[in-house]
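Take a look at the structures below.
In what follows, chain A forms one complex with chain B and a second complex with chain C.
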Partner chain A sequence: MAVLSTNAAPVAPRGQTALALVALAVALTLLHYAGLLPAWLTRVPEALVPPFAPWLDAAFTFIRTDLGLEKLTRWIAEGPLQFALDTTANLLYGKRRWPNLGPIPWSAIAGSAAVLGYALGGWRLALLAGGTFVWTALIGQWKIAMETMSVLVVAAPLAFVIGLGLGIAAWANDRVDRAIKPILSILQTLPFFTYLLPAVIFFKVGPTAGAVATIVYAVPPMILMTTLGLKKVSPAVIEAGQMSGCTRWQMLRHVYIPAARTEILVGVNQVIMLCLAMVVLTAFIGMPGLGAKLLAMMGSFKIGRSFEIGITIVLLAVTLDRLSKAWVVRVPEHHPRGTPWWRRNKYLLIGLGVFVGFTLLGQAVDWFSEIGRRQSWSRGKEIDAAIKAFLALGPVQSVTDQIRYVFNVWILIPFRDFLLSIPTPAFILLFAAAALALADQRVAIWAAVFFGIVALTGWWDRAVITLYSVISAVILASLIGLPIAVWASFTDRRANRILLACDTAQTFPSFVYLIPAIMLFGITATSVVMSILIFAMVPLVRYTVEGLRDVPPEMIEAAEMSGATRMQKLWKVQLPMALPTMAIGFNQAIMFAFFMVIIAAFIGTQDLGQELQRTLAGADLGKNLVLGICVSLMALSFNMVLTTWADRKKAALGL
Partner chain B sequence: MTRRPTALAAGALALLPLAALASDSSDPIVIPIHNWSSQIVMSNVVGQILEGMGNTVEYVTTDSQAVYESIRLGDVTLELEVWEGAFGASFRAAMEKGGIVDVGDHDAITREDWWYPMWTKDACPGLPSWEALNDCAALFATPETGDKGRYLDGPVDWLKHGKERVEALDMDFEVINAGSAAALWAEIGAAEADKTPVVVFNWTPNFAEAVWPGEFVEFPEWVDGCDKDPALGPNPEMLYDCGNPADGYLKKAAWEGMADKWPGAYAVLEKISFTNPQIAEMARLVDIDELEPDEAAEEWLAANEDIWTAWTE
Partner chain C sequence: MMSQAPVIACKNVWKLFGKDPEGYYARMPEGHGYDQIRADGYIAGVKDVSISVGRGEMLVIMGLSGSGKSTLVRCFSRLHDITGGTIEVEGQDIMSLSEKDLITLRRNKMGMVFQSFGLLPHRTVLDNVAFPLEMRGQDRHTRRDRAMEVIRLVGLEGREDYFPRELSGGQQQRVGIARSLAIEPDIWFLDEPFSALDPLIRREMQDEFLRLQAMLGKTIVFITHDFDEALRLADRIAIMKDGAVEQCDTPDQIVLNPATEYVRKFTEDIDKSRVVHASVLARADAHGEGAPVPARATIHDLAATLVSDQRDMIPVADGDRPLGALSRQEALRVLVGA
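And now, the complex of A and B:
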């Protein structure tokens, strides 16, 4: 690849500096092994650790009370937000609030969803949309699913509007863009356990806090995609708009936004997926419905029913996602002049008809308005029995015992002990060297500063253990995920199947597979790594498949014409071209892993997540923030290195 | 705002002296729901009793540690299960910060300690004595712990001092902390398949007693001050050389403003007290009979009318 080699020349000086840093780090480590390194150089001495926790506690109190932020957020939460949530709650599950109309019968919702599915994508979508709601009702989860939906139908549109607004602001004004980016990165990397307490303090435990946490989590991709889409609008389209004398508002409304439609709707998809991915975690701060039920079921070891709830969440996610995707690709229908109104809006009318019909039917026949738990088809006990029987099989046990032994004793624990044995300064030097080699000097300095702060907080050992779980899981995820992704990228059929599996893995509540992981591998590092691995593999596979399939066909044809074999084509053309996209996937995988490693505290870890769990009672808010910032800083360092590297590669490839 | 009384509330209403309680605020009383069955059913039981008195009640799911901050803020009105072992520390810390009051104990006593399912006894017949357990330590060994036995302790935030006890009593065990109750059940569930001996942290009253019969390990008996004075207990030099108290408290807590805002409901809360068998019964209705929590509460209320009507008089 001639294109790539031109890049090599400027790398050399950076490479040499990086090598020097590595040499220094190795020297420090060897000195430490020889017992010659003074203690203050292996770890930051306790006496030097600044009292970050009380400082942050004071800062938090200042913002909360002295600046009056709490008053403002409380007003929002208890006023308009509560009102919106109460309204949807009444309509969907009959909470006793204005307008006192609900609950809407399940059959009416299922019927209208099927009509909507048909209008957008034919029979298959009709079946998916209608089927999802029928499943939910028949399995006996209608009420709890609607409790969840009552929050999501408020949170998702709000996330969309806020994301769109901020995205437009960031696109229109460079300064806003520069201010928003770091805030978004921090929001995305702060661990969930750090959001939890501020959410209940500022927004009141209950659906309000649940909605806010969901919005905060779902908004960043919406902002990023909106800005990206608006930046890509072609100059020809803009000129056409200007020539027809559009005002600024008209330009935005009728030119830019329609032209950026595809990216904006990808943002909408992400909003939906992330909203559903948060259903279980937000149950810790008062989100009602599926998540809360799932936690209760897990607490009394009912895997079968938890599993069914997981399926409902995935079905809802896939349905909403496919509906919104169908909306993107739908070509606007143009009716000949003089088509009567009812014919233009026939699906709307049919939908309304179905809705009214089933609502009336629900009044007459109870079954159409409500299906209780007792009438449901839930097979929780049978699934429990099946899972237990599977785990009791001899071969399963001997295989998992082997894996557990090899992984824990030969790989994970030695790797962890090795990372812990590296003196702090050497560790920081090593990371800076890697940053320098992959990205540039600026990033390397920032990464060193970030890790330096982590060292200064006095939580270094736990931070390293966190990092070790993340690194182990991402390496394993790459080893397993990349071959799958390459295999999947060969045909459309395979790609679609694997992408569906990715959607499932992303929205299926991780709590449900944490339990089987523990049953298979015990409460050990293996379980922790396995559960992170499943989650981290999702973006890795998704972006690799998309990167490989986006390689321009001309390039592949050119390779075929010059007589490349299939393997050569893959290694010499497709993979190098897809590398920048894959790097984004890799970056996302690391971010997902940092997210999940904290949740893995529920299995039992010895890392920052475990300490964070200890601070949840609220007496140690300062410590909670310190720990959260440690996780965030480490994640941000990886993020900076990988995005800079991907951008450089992209520029070099002329993409 | 109009509120339609539910059928149950209307039914129970007739039984109660309404006039005395007229001063309660019409704002909803917010009861937190956590992720274990007895607490969920008990919350529903108390919620339905309060609704029967004409109050409005709302339930909110929360984390069982983070709930104390919400009670202090008045967002959550009360908490029915403050376990001495698991939440005592959080509760005390919240009391120090203010905003939360202690509304007295249930009759029920709680016990939290090392525990094993019955099949473990087949492999180690000397149980429940802790010395016998220690002699069988090798039975509990796993690849990660080498020769030592593995004891699975509760989550770190429950402050169980398993490690300290192992050192103080010089036991051949390594202490691993599970991250959640669900993780503990998963371990027991996995061991059940081929009856592997396990020793884990457990507590009573609890649904697990009905699913997996088992016993607590008998450690040197708890003496007051065992956690503060090294001289107490068999090892004169170290702390935590005793078992946990076999009669820990189970408390009720409330937001400090509750007594003024809902005096009637607060008076009832002060009288409410459940016993171990009652709590086990509530958990059984959900865990074994597979009722929904609100149905379980209705059933419990119907079967135990004489008990709860005494509290509302």
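And now, the complex of A and C:
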């Protein structure tokens, strides 16, 4: 570090303070090991823990009943929201509700999706979109997939509208912007389970709560993309609008929003992807659909079926992602004057034709409207048997067992026990010291405060276990991911392939990352770390490759002309230049890890996630929130340190 | 040319950028210079400018980048609210206009062309040009007809269904020009309309512009940092530095009698003989013998005559009307650039 820092002078006092903090922490820890540290300095004593949960409960009860918010939310849940969900449920899988038309034959949906794919991106996209739905039908998962989709098609548009509205408000009004920003950063680090319980309590159990939690989770990126897009509209376009005599409303409607189209559509893409990921996760509050089925199958270790459902989810995700991205880059087509309307709207007409055609065909031939369990091509049992046989093979089993053993006994458990053995104040001091060394004093103080709050909640041990999973997974992910990224960055071809793979992997809903981990390592602590590891590795690899590839070519040429070898180029030029970008990837990896560690509680952990998941069964809102906030505060601390560090490095490098 | 009341009249206009421009302007000491203002954390985009533009006149504003040209013009159209002074457009104080009146003024009287075009990327050429009409609430057919008219005028016929991204820079700027003309503005602002274009196209666009101006006869404020362009177009030139107008006069006077050292430096490299007209050098009280030279000829045009002619005083006439005579010596000095 000292070698790299260009401004050594101001770093020194910060470094010294940090060292002093570390020394203090080490001293405390050693005292504790020697048995000399009083108990109240090791952990916050039970008696001093403030009753946060009851307080929050009281606050919530106040908002719910005294302020009457519950009446409003219940009305929404039982009125418009329920109505919308029932309607889509009827159309997509034939729930007996208004308009009583459904279910739409699978072939009609698959056909229309293919036409849409073709209109947006040609044959490949048509094949992907049509193929996904055909696969879903053939494999016998049509109904559960449509259960998931019925919530998605309600949640995503609502999240879009709300996000767009709030984004415009934040852009137009500084005060709104300032009020929204901190809320957004907390919302984005709160574990998803913390959304679920309030949603259930305010919006009653079932699809409505799932839809609400999903919407709340998907709104923040839409807000951010909207404000970003609106702020980026070029001054000349704005002035041209003003000089054309636009009123405020006309400016927004005809100038700003169309000019920010790209960012807004990227927001739409993110909304769709997040909604899909979250709808799947609502399985944890008992929502039927792909997620619930996957949860059930994994719970009973039916790997084959889990695998098939995983493929369906992944295919749906990739299809939705590619379709919406194709829409982002689509440019309006210009028709010469006098083109007849049917030609201008040919895709719409073909799509309608295909839809109607298959619907009629479905009336005549049952197979085109519904594929029964008997006819489905599911090979769950066979895959199960195959996978189990493969895993039972001598060499395979010995390898996985070996990994599991080494991991558990040599790495994970000792590391966890070590972290747990550090007294709370020493732990906080260490983190603050790291924050001080990497970021600045302000961040260090905030981080200390945040961790102090976590300590005061009385959930310290579980918080440390959460942290241990996150840290070990991210370290392991770096050990595996960084070499891959560096290797990939050597040639364009490799880099593009790896980036494409990362892009695709990032569209997978988080839940499916559990499947390979459980497949290989069963229901063990190793699986937990493995699933986090795979999930967190994606952004790490991606940003590293991007950082290394984005080094200005002049610099590399200059290094080459100075006679640098490939390794020298990498170490002396590319890596230092890529460091800020890599830090962003590292930060994202940690955020992803915090997200995943809570979901991995499903496998069985002893951390905050486990407790959180338990609260979902009851109505323990206060405890649920306290736990969620603990996770959020820890994630925020990491986030602050890493982003500040990356910003400083970027400024120092003049980027 | 300036027979009637000016179309735009501004008096002691200030535009400050900074945290609290109004407050600072109120307590700013008299005679504070650009650098002192800057030291106080403010930028004088426009500094105490008094200037007027007559009906049908083409005023060209010149100056280095950052001298406040764009800011001044944006004050004229109230894209910026001024900090001090008054601006009257057609006798109306534009700072006192309500939002509604301002919109009406822009919808009916003003057109503006931007250096970076400012076209709406999601609209076709036709829809871009019809945009101001659409904002006025004109119905689809009328506005399309009018838009087609101006598209024809700028020579983009056949491209009306293209999107901006499908056009070259010069074509995009034609769209910008057409859009600004669609509402038949009385006052036309052009902020470095041709600087983003490459030299050949720029020349072509200037010719095009002169043709349009000859046809339409609008009041024009034109910004450029290219002196040749200014000379080709201007009735008067205003030269700006650090937000202030150093001199505002006809091209001949600017090169012959620079008001400040800065203007002199600025015009140093100009071939004066191509700018100065015989009429300017002609003294009404002087007499010359023989055939007169035309008043509208530049000294450069007359170079051959001046060198070979033996007369000391050469008569100048505008058609049949005698204007007096010019001194050959003086004209020769202009010719050799002394």
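By definition in this document, the second predicted complex is superposed on the first by the 542 of 655 C-alpha atoms of A that agree within 3 Å, B and C clash if a C-alpha of one lies under 4 Å from a C-alpha of the other, contacts with A are read in each partner's own complex, and residues count from 1 in each chain.
Heads up, the rule we're going with is that contacts are C-beta pairs under 8 Å (C-beta built on N, C-alpha and C of every residue); 3 or more make two chains touch, one makes a residue touch a chain.
All of these numbers come straight from a predicted model, not from anything done at the bench.
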Quiz item: Of the partners chain B and chain C, which touch A:Glu239 in the superposed model: first, second, both, neither?
Solution: second
Exercise. Would you sort A:Trp342 into first (chain B), second (chain C), both or neither based on which partner it touches?
Key: neither
Quiz item: Counting only touches as set out at the top, which of chain B and chain C does A:Ala600 meet: first, second, both, neither?
Solution: first
Practice problem: Please indicate which partner A:Trp249 is in contact with in the superposed arrangement: first for chain B, second for chain C, both, or neither. | Solution: neither
Exercise. Identify the partner contact of A:Ile518: answer first if only chain B is touched, second if only chain C is, both if each is, neither if none is.
Key: first
Quiz item: If you stack the two complexes on chain A, which partner ends up touching A:Ala259: first (chain B), second (chain C), both, or neither?
Solution: second
Quiz prompt | Contact residues common to both interfaces of chain A (with chain B and with chain C) | solution = none
Self-check item: Residues of chain A that touch chain C when the two form their complex
Solution: 234, 236-247, 250, 254-255, 258-259, 261, 331-332, 334-337
Self-check item: chain A to chain B touching residues, read off their complex
Solution: 96-98, 100, 196-197, 200-201, 204-206, 283-288, 291-292, 295-296, 298-301, 373, 380-381, 388, 391-392, 397, 401, 404-405, 408-409, 413, 511, 514-516, 518-520, 522-524, 600-606, 610, 613-614, 616-619
Quiz item: Can you list the chain B residues touching chain A in their complex?
Solution: 1-4, 30, 32-37, 40, 60-63, 65-70, 72-73, 75-76, 87, 89-90, 93-94, 96-97, 142-144, 152, 155-157, 176-183, 185-187, 189-190, 192-194, 207-208, 211, 283, 286-287, 290, 292-293, 295
Quiz item: Tell me, which parts of chain C touch chain A in their complex?
Solution: 74, 77, 79, 103-104, 106-107, 110-112, 114-124, 131-132, 134-136, 160-163, 165-166, 176, 179-180, 183
